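Chain lettering (A, B and C) follows the sequence in which the chains are written, and residue indices restart at 1 in each chain.
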């Protein structure tokens, strides 16, 4: 199943982007502590596209947030580009795309994309150039002057991706970015994201609920199970980097999708 | 105005729980601003008719309330031979009626606003300007302090935990009761003139502005704050780029409440320190001497002043929120 | 839950105690003149020694507050329901209600004192006028707050106007009504106290404050203010407690966890 292009994507060997070792994380709630993550081990190399899939409460979002230094682990270690998550955040190592676009309603689309650049102190001319490039990258050229709420949901989410990419981080953390969109828009954005990933050679960590989405986008799929959140299986998914939506009809695709489905079923119990 | 207050310190957290976008927020925070021009036009006819109906009720009320008084007058004056029409006309033109008719108040306003020199102590312009000065000075002090304290509370955890509950609790107590005492205390320091009254106005506008601005500066949802964290933004950057602009609708709502509260403070302060004039002093003088027409005229002037100030802030609100894209 | 609320209460309690202690020491240490600021201990002693007077003031004022509050809020809700079916009346009355809410209504106090005399009835009248409009505006907003889907559901049951009102729209309006009820507790206290500045039989909190200020017995003024503050907070607290019981289902309480 290994295609030559897929191995091509892994030529940057030794460039480890993410290293998670024996990570556990529990939250304190009114009803006592809740174990969100337990014994997570994961290594991600440069240029990979990793999807996290699992039922609600399996800790996939928490894992992503811990890597982004938005949550503090209870035990275990995370390294991002060889640094601690905090150092990585301080060195602006990653761009984060949330479940909702989280665009600021009082800023135009262009100024939303410029927000991280302003904070990071990019000069005005550079900002403008990057905003223009970002708008083009997500096919929003001409919409820069609009306010976010004048855009459709899909366009808003594309703007938020442009915002995450504007300062050109090597790592992209995406938390169900297309979860709220309809299937047709989602397909289209998936294709665009894939092309973007192919062109920019970025590393992507991608949280999703959708099996086809995970299989279509990823180089590896991390199947997670709940209570406590842990990694149930890691499934390789080595389609060519320049794959198109058509591959979803192929037997290979369906086979991987089936493995993921099985993994989810094994890890999931309906007892509660 | 008070329903803004309601929205500010009560509906705020409730709305946040439901993740409300600025538009819905605006609709709750200021109904008038939430309504478009179209809705405004649609309201003109109903409002006119309701106002007309109120005027009719007012006249009927004046007739009903003043008739016994006027009958006594006639009886005392030995007038026995009067028709119902005579009685009605007399009812509506008494010198000290129980309820003055609207045209009497208009005449009084005309006399004291337009026909009397603004420098005269009989001029409502003279008294209105005193009240206006106190209100504006007090409002400026009160809202500046309120905003400053809100910024402090949002940024200093200890203050938020220890001071904020007291600020919120202050909303439940009638702080206006302090007014007479503040005047006396400031008198001890030889602070007289409009300043003591402005201090009371400031004091009244201070608390609602603080509460409103704390809500506003805290209004960004967790996702928006997380975004700033992923950028490793400094506190100052988070404040300038997120908290401050996000608080704009709350800012204007707070300013409206603040200015209305400042005016109430100024008027009540004038009641307790009436020798310097002002609309509150006119109210008190009118109530001493039973000059009902004068009371009503002063009351309406205060109302007009308050409505104008709130309206001006509303206008600024509309302009700014259109610029910022809050209003669609 | 209990441990948590205790932890929430500790910092403000400490802060309040700190303020009182600093106040006491500053007043005593720097010999601040009595007329400017009496020490908390002095105020407390005055309060203890004046309980009969303060109790009489409390009873006098609270009559006007409660009577006016009940009538004003009740009328506000009633009128909201009455004009609920008429778009026209709503459009005519709401802008006026909003406008009136922005006005210094306490100013009607001298008029009410003339109409209804010096006793508590005139204070109740001021409170009625002050509480009516906020309640009207809130209740109208509340009645129209039920969602389209819920209304459609009632339609599918063939529910009539009264049923929809009782089963859906009034419950949905409750959070709004309680908001106004809470705001109105403060307005009611303000209205009654300010109205007493304009004339009252020789009893009542507002009367006490204005006369004792005139006699420069500032400790008595402070004692009365303490009583007024406690009354206001208690009044608000009771309404908030009832709200919590009645609208426990609302998101603002739900989210705090079991």
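To be clear about the criterion, a residue touches a chain if its C-beta (ideal position, glycine included) is under 8 Å from a C-beta of that chain, and two chains touch if they have at least 3 such contacts.
Note that the structure is a prediction, hence the values are computed from the model and not measured.
Comparing mean CA positions across the assembly, the chain most remote from chain B is A.
Which two chains touch most often is answered by the contact tally, and the pair is B-C. Between chain B and chain C, the centres computed from C-alpha atoms are 17 Å apart. In this assembly, the C-alpha centroid of chain A lies 51 Å from the C-alpha centroid of chain B. Only residues 21-23, 221, 223-224, 226-233, 237, 241-242, 245-246, 248, 324-326, 328 of chain B touch chain A when the two sit together in their complex. Here chain C touches chain B in the complex through residues 8, 11-12, 14-16, 33, 35-37, 88-96, 98-99, 101-104, 106-111, 113-115, 134, 137-138, 141, 175, 179-180, 182-187, 189-190, 193-194, 197-199, 205-206, 209-210, 213, 216, 218, 221-222, 224-225, 228-229, 232-233, 235-237, 250-252, 254-255, going by the rule given at the top.
Contact residues of chain A toward chain B in the complex are 68-70, 89-90, 92, 94-96, 98-100, 102, 104-108, 115-116, 118-120, 147, 149.
The residues of chain B lying in touch with chain C in their complex are 1-7, 10-11, 13-14, 17-18, 28, 31-32, 42-43, 46-51, 65, 98-99, 158, 161-166, 169, 171-174, 176-178, 180-181, 183-185, 188-189, 256, 260, 263-264, 267-268, 271-272, 279-280, 283-284, 286-287, 290, 292, 295-296, 298-299, 302-303, 306-307, 310.
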